[in-house]
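Letters A, B, C and D mark the chains in the order given here, with residues in each chain numbered from 1 onward.
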Amino acid sequence: MKQSKLLKHPTIPFEIRENLTVAEALTAMSHTAFQARNLATAVDVWGAMLKGRTSIFLGLAGAMVPAGMRSVITYLIQNRMIDCLVSTGANLFHDIHESLGRFHFQGNAHMDDVLLQQEGVDRIYDVFASEPEFRRLDDYVSHFADTLDLDRPYTTREFLYLLGQRVSKEAESEGIVTAAYKAGVPIYCPAIGDSSIGIGLAARTQGKKFLFDIVADVQETALLSLKSKETGVIYIGGGTPKNFIQQMEVTASFWDPTVSGHEYALQITADAPHWGGLSGCTFEEAKSWGKIKKDARMVTVYCDSSIALPLIATAVVQRHKETITKRVHPNLLEMLAKNKIEGFKRA
Amino acid sequence: MKQSKLLKHPTIPFEIRENLTVAEALTAMSHTAFQARNLATAVDVWGAMLKGRTSIFLGLAGAMVPAGMRSVITYLIQNRMIDCLVSTGANLFHDIHESLGRFHFQGNAHMDDVLLQQEGVDRIYDVFASEPEFRRLDDYVSHFADTLDLDRPYTTREFLYLLGQRVSKEAESEGIVTAAYKAGVPIYCPAIGDSSIGIGLAARTQGKKFLFDIVADVQETALLSLKSKETGVIYIGGGTPKNFIQQMEVTASFWDPTVSGHEYALQITADAPHWGGLSGCTFEEAKSWGKIKKDARMVTVYCDSSIALPLIATAVVQRHKETITKRVHPNLLEMLAKNKIEGFKRA
Amino acid sequence: MKQSKLLKHPTIPFEIRENLTVAEALTAMSHTAFQARNLATAVDVWGAMLKGRTSIFLGLAGAMVPAGMRSVITYLIQNRMIDCLVSTGANLFHDIHESLGRFHFQGNAHMDDVLLQQEGVDRIYDVFASEPEFRRLDDYVSHFADTLDLDRPYTTREFLYLLGQRVSKEAESEGIVTAAYKAGVPIYCPAIGDSSIGIGLAARTQGKKFLFDIVADVQETALLSLKSKETGVIYIGGGTPKNFIQQMEVTASFWDPTVSGHEYALQITADAPHWGGLSGCTFEEAKSWGKIKKDARMVTVYCDSSIALPLIATAVVQRHKETITKRVHPNLLEMLAKNKIEGFKRA
Amino acid sequence: MKQSKLLKHPTIPFEIRENLTVAEALTAMSHTAFQARNLATAVDVWGAMLKGRTSIFLGLAGAMVPAGMRSVITYLIQNRMIDCLVSTGANLFHDIHESLGRFHFQGNAHMDDVLLQQEGVDRIYDVFASEPEFRRLDDYVSHFADTLDLDRPYTTREFLYLLGQRVSKEAESEGIVTAAYKAGVPIYCPAIGDSSIGIGLAARTQGKKFLFDIVADVQETALLSLKSKETGVIYIGGGTPKNFIQQMEVTASFWDPTVSGHEYALQITADAPHWGGLSGCTFEEAKSWGKIKKDARMVTVYCDSSIALPLIATAVVQRHKETITKRVHPNLLEMLAKNKIEGFKRA
């Protein structure tokens, strides 16, 4: 039997070397298999996104800020390795908590939770936080809303921009919301009510009500899809951020039927496809919906994001330094400013 | 060495019997271990919730309607085995799709997705659906919004109530949204923009804008917590429905610091705690936050919901028939009608 | 756009009914999706295996006996729903423990393990067992070995047959090892040293050594493959039992190159394919190796075995009663007796 | 409310830096949370093992060699970062395959497996291998057995030592089995029949039979436990290697009841505890059995081993260079040579 032509690229064993950098380690993994190979491929896919005029959307789920990922996301924003952030409310709340000089703490996943409750300590797996401090931030959000013009509704993007502006004035360190404000990177939060930001706003029962225009959020992201030359997506976990970025393509296709899905796609997940849920679903499945383009460059890394995200991001910086420096990034706020939703009609 | 007193209740092997009912099978499992034991315990916890004057909140995530769980949820509503539903938008959209006489189809998880896209077929793991039919429903939602008074915002609860009313008039079969409308069971959808309902509303670019009052959703559920004698939660998967029901207790505690967490808690999940995310987090962890009461009756079943939910629900019906029939269920809509949000103030 | 021909079989929602039997529930699930559908398909695949002259091999991993699955396996043997068992040593050890009138106990997965150790209690997730009792069984195995003719090595099959014979004489209840002895169902244990049986034998340091002929185990199962009309496999978990049954086909193909893989295949697993390991690998992958036949009837159920196994087995009994009763099962011990390993040569 | 004393060590966000080495990245992760923190802790635990006179046992499961981990394991052996290897047969078989100048290949997890079978290509998730080449190695093993003195049985350790000696003579590159032979690092393979090595030996149907003395394997490892000052364990995946190393302590305690479990423990797994199986079980659970010492230093990393192993090993080398260089490693072969099994008696 002749050797099959499918047997072409041998796996090359990973070699331990002193002074191996993260980028070198991931390059070595590109010749291996299983999730190590996918981890390495993620660096290539992200690198490719950075090369063209691709609008890059990052979907952020999971308690990534308490888990120490705040500076990584901040770096991505400041160095324009992403152009738009879609996040759970929790990550933004936790980010502001740290911007205002407070902390999350290393804890213990097996501590007695009734005791923690009595101590005013909230637990997120092996992270602890101060419940009284969180409540002060709920109040901060509540009072911030009082300062806004309450005669009109806000997209979550506008609200978070203004909140970023406010926090910037008193921040003790740069974080996600403040860096995004400064860099003109829009942040959307599709389930903002479902977070401590929502709690803070809900606690306001007196005075004028605060209204979000969440339908406009959907419209704006569809507009961004239409006006972008290409789109790339990076999902840290699943949840609403992933779905929200996926569905941009569907909404946009109502206005322009030639819209055909994101061109680049990278996801890090600890979920699995066989449960049938959104968080674990594959990019292949997304192609059937037209959410991902049929010939998209894409990769899924099955790994805890706290491990995979900093490694991939560090390796992208190390390997694609010049591309990042020279990148002429799409200006999404300008796209939003120049186009009116009313200009779009059902095709 | 004397036998430890911890060795008290022997596991009793599951015995195969002809004509074993689901309830009998789960009772047999209550004497076993691992997830079979938890599956059985779930029947007890739900049964206990049904006995008192507990307001029961069901959080529904994952594509449960395409997976054939529509009638189970409908049954739970009609027979008042739950009192409030918090759902992803997708499940409600898919439910209306079926109510209007259309279908989801058995498919194949390994089909070529580019081919499916060309055929107008959307894939959800091993389920197929017609993209053109989904688009007709997007339009339906869009046109429904046109019929509403657009001078004021709507909670998702009101919107879904009115949508249920409308669908009821033309439904070919009873489903979740229509049954909830008829039974006075409120439905909340914390990330409604992040679904085909959101897409349908976003496609409307002409005429008056449709506004959701999502902060009021948060306030209403906190009010329901305060006015309920006790609360019980059932989570099918994680995501926003789980978080939204968890955070009720935190919001409510701003108004009344004696609020101390849900008294009963049951979750079915295929996620794991060690990734640190909300979907996989334990009820123990929730106790540290005061979201679950310190002595709550609670159980987590690690299992695909498509297996666990129908089995648990069927066994509850078989085992707790009389309790269900005689149950004087809390009237949540009445609680909402009788109390004004403005009546609540920061404690 | 015309409706795709792929949209043919609508999912039919699962309907809760009082007195629903397990078989009826699983039939209802056959019209649903995700793992519920696979659970139902498993009943069909097993039913199909029972119809022909298929030799059915059950691979048993995981602490299934402590988890209350002892009677299910015993039933399968007694009613000849399987023809050969390949097991971890632990399950056989735990089975004999119960046959001799001792127990496993319902415990608590979150107990202090240092305390348990002091109490002489071994923990298997939420099951407790008595360490002193286990040690008595280690001794039992040790002394049993003393009674054997130690001038020759034993296959694990012979050893377990003789052990079954011995335990039968003093058993307080029928179990796996005793039922297999009586029914003439061979049991193989490919990693028998790696279990308390191995510990028991290793503790014997005086007198003649006990020798297993594990290579003959491999040869015998390959012979069974060659002499069986068809083969079907059922894997409860992964590990050595799964691999051992898979590799039968490879070994057999050395002697007869026309051997082409098992004709029926059913597995229950909580593992996932993307980690690249044996326990989570798909039957598709096994086809590349020739371990599973290219047109095999097969199904994978992603579920805890403590839930899926008793449900599937009960439904098979309920749905395929007559097939089971009338089944003329292959006699594997006779195949082994009639054929000599020496008769097989490299093709 | 005063800030709880439990809130002591803030998480410190991971900072992306150019030229960050793997060790620096993992040190940065030690201040974060979730699995990133565990990944970092693993470096500390391994470092601590290397400092004393601890005998380090590595359990190796999963297709680690096809996945490109051969050189990592070889490095660990050559630099005496481990003292004993317990492996599945597959990894050893795959290692010899590469030592003899053949390859594994990067493949595709979604390829048509029937086509692969026709092409003579075996698939392991996303790795391809040549079936004809594997069969040549089956023959190699078979013929190697012919060269041995077949009048006596062999422990798997002896067999693999002799096989390492033989392969060394014709190896084109250094690998696990050859390096272990040269370094005097014993290799045990508790389920050797259940692998291609077993297949190769089983295909020999003529001439004297080859016999393994697997009970002696169990005895030897117990002896190593008794004669070691301290023991440390590293589990890459679960399966028989993990169980085999765990049970050493139980067997040893029959001869010396003061044996109290391994002092250091590190595991990398993609499994979860809640399924009740061995591969996912915690070290806490192992304490109840006395397999892990009550005050052991231990860590579990939930991650694909193809990612976690090379990163941890590289970081250990970078961080603990001097400790490794100066380490006076325990000589396990000498322990075996100096002590007779017959010298041990039931306590």
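Here, a residue touches a chain if its C-beta (ideal position, glycine included) is under 8 Å from a C-beta of that chain, and two chains touch if they have at least 3 such contacts.
A quick note: this is a predicted structure, and the numbers were derived from the prediction, not measured.
The chains in contact with chain A as well as with chain B are C, D. The chain with its Cα centre farthest from the Cα centre of chain B is D. When the C-beta contacts at B-D and at B-C are tallied, the pair with the greater total is B-C. Annotation: 37 Å between the Cα-based centres of chain B and chain C.
Centres computed as Cα averages put chain B at a distance of 45 Å from chain D. Each of residues 33-35, 67, 116, 121, 124-127, 272, 274-276, 284, 302, 304, 306 in chain A touches at least two other chains.
Listed in rising order, the residues of chain A touching chain D in the complex are 1, 3-4, 6-22, 25, 28-29, 31-37, 39, 66-72, 75, 98, 103-107, 110-111, 116, 119-121, 124-130, 132, 284, 302-304, 306-308, 310-311, 313-314, 317-318, 321. Per the touch definition, chain A reaches chain B in the complex via residues 61-63, 67, 90, 109, 113-114, 116-117, 121-127, 131, 135, 138, 153, 190-196, 198-199, 201-203, 205-206, 209-219, 222, 237, 239-240, 243-244, 247, 250-251, 254-255, 270-279, 281, 284-290, 294, 304, 306, 341-346.
On chain C, the positions that touch chain A within their shared complex are 33-35, 272, 274-276, 302.
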